[in-house]
């Protein structure tokens, strides 16, 4: 079996907030002990709700923020140990598409300058004849080359963001909720574009989203996160969930089909504050299957290697 | 008995821009009408028209009428309309983070509604508030009533907003994207609460959303808006099973579903037109696979379709 | 077309821009435009009202008022513009450094700059001129220091806001270093509001310069300045009112013109209002 393209080992990130003369600083683990691998050509989905740490994980994988512990290995090189110059060169091979198309482009730069920036940072220049091709590859007309972001719609801006991420022909792209700010009809266009680009350019994707339906459609494997930890890794999109939280997520994802209306038993309670996590399993406060064991000890991710679950009473 | 809310051929303009045209829909007691559309479709504007709040954004009704329980809202005085809002018509806004006054405690904000619209005194209003919070499954209602908005999460805040909408004992609730800003598991809870309200109390619910999944889950009837016009309207099951308007069909097809083959999600080419540049004829024609010369020149009339209506020159299979 | 030129298309921008261009050209071409020298006295001709020989009359020393007005424009404009330019440059450097490095540097810069801000500009100017001595150099430094706080704070605020923007994070994800981000993203985006603020401050600075000149602290005689002329004219209000009126009008109209042009420029730089107008 070929080695995975990305290996993430016990990655953790701790954030501190508050503190001052009269208050003690509080700390929370945005990402705790995450171990994953991503194979070449794979589309790995990471799904979860607010506070689950998926956006932080995305940034840790690209080392846009420094981890508190753990390491990330890209194609055999440990990027968490690289010095700045080497890291910059490594960034040719991995890039990111951001969630908000309205603020991810510098309003003062024309599209040509946006596309030229990745080259400039690497000390190269963008050959002008390449620009029309870069724009057309993401479905934008070449005439947009001198336009500025405010002249484009949200969907068009997101296409520019994708073109920028692909400018240096990376191997790996992290997609941080790339369609969350877009209308559903535009979302579908962008997803189709991403799928097409992945096939043509042999890309590997890390796809972050809160939309489980979208992740199940687009991704090969699915990682489910809750309050900073991985609770389940589904080996494919057809396998039934074993973690109660994953099941709740699936149940909350209403199908656009009244024939499949269901009487759901919604989760009680709210997501606890990450600054004041209860001992034991973080999900125990809301879990219909929680027992005393769950409230005392935090379950580790284990079980079947192909379908690990972090639960004492999996389904 | 006449419908509780009846919009008949409503047109709305802001300045010189005609943003809504020919909107006709009704909401009955004990029924949930879903108003669906993407951004720029005019759904929020429709909600504002239904509550007589258009002057707030510089808009006005240019055609048609808005009737609440048989009475024309345009014929009422502003004082009468104000008595309706918060009283017989409750409103749930989109963003719970900004819907509550940050410098007033939760309890007071809910109390004021029942004091104003039901004439309750302080003690009775507070008792009603606590009762409402408990009904909405808010734990430790008395503690929450003394809390400040910033101490609550988004899901809790939205429940408070619903409590405020209920405090005036409404016959109609208008909810404008009530769950868009919330996590999906919290959304399920809120949708469940709203559905139960309709069933148990017999209130009418106008639910505005862009999420077809939510519509399928909780609505009885659906109205689909596109670029300021009604595309299709009808009971929920036939509309999803056999959508008559190509936009409805395309919109449903944009949503990833279980069992969908990879690559089958294509989206709708083009984008929603801006109000400054609506296409002539049918506004959907530039993006429609079925568009003909007729579509490009003449706006489609609204024709009956089964137990509903559709505005299309070439509607799909009859239901 | 760049924003300053586009601003001329708006009606208030056109009118204001016309006056400003007129004043600037007059100041630059002063020796060519003026029939007289500004410092040659001709006492028999003193206190003359407007006539064919002297379009604006003469002052208490018989000097042609129009000539002195045009040379006075040189003084006022050059002193204010230079002072503000120095202030902007220093302010941007300090503000960017404070925002970028944060920590104790930020605290020191902010506190120092706030100290100057808590004094009225005229007071700071007077104190500095008292230390440095009267004359244009002193006035320039005084004005530069008086307005430093404004540009430092503005730049700092702009950069702190911009740092959180997604396009900065995007640049980092491409491997951009601090220099690239500062010079290609932060400063250009922060520049526009600072430049507009500088423009409006130039108007204030002209008034400040005139005020200092009024107290005899600015350009020393016989070099004319609008403030100095007004000071001399204040004693002659009933005898030869034109001596104070014309420089006063010159200051007023120029400052109003700067503000109007600045408004037009803001309109052109603000992307959203441009779209509204173009739509």
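Just so it is clear, A, B and C label the chains in written order, and each chain counts residues from 1 on its own.
Simple rule for what comes next: a contact is a pair of C-beta atoms (placed from the backbone, for glycine too) under 8 Å apart; a residue touches a chain by one contact, two chains touch by 3 or more.
For clarity, every value in this text was computed on a predicted model and none was experimentally measured.
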item: Set of chains whose contacts include both chain B and chain A; value: none
item: Chain whose average C-alpha position is farthest from chain B's own; value: C
item: Interchain centroid distance [CA atoms averaged], chain A/chain B, Å; value: 32
item: Distance between chain centroids, defined by C-alpha means - chain A, chain C (Å); value: 50
item: Interchain centroid distance [CA atoms averaged], chain B/chain C, Å; value: 54
item: Chain B to chain A touching residues, read off their complex; value: 38-39, 137, 139, 153, 155-156, 183-189, 191-192, 210-217, 236-237, 240-241, 250-258, 260, 262-263, 265-269, 271-272
item: Interface residues, chain A side, partner chain C - complex; value: 62, 64, 84, 87-89, 91-92, 95-96, 98-100, 103-108, 117-118, 120-122, 150, 161, 164
item: Chain C to chain A touching residues, read off their complex; value: 165-167, 169-177, 180, 184-185, 188-189, 271-272, 275
item: Of all residues in chain A, those that touch chain B in their complex; value: 49-50, 153, 155, 183-192, 195, 210-214, 216-218, 248-249, 251-262, 264, 266-271
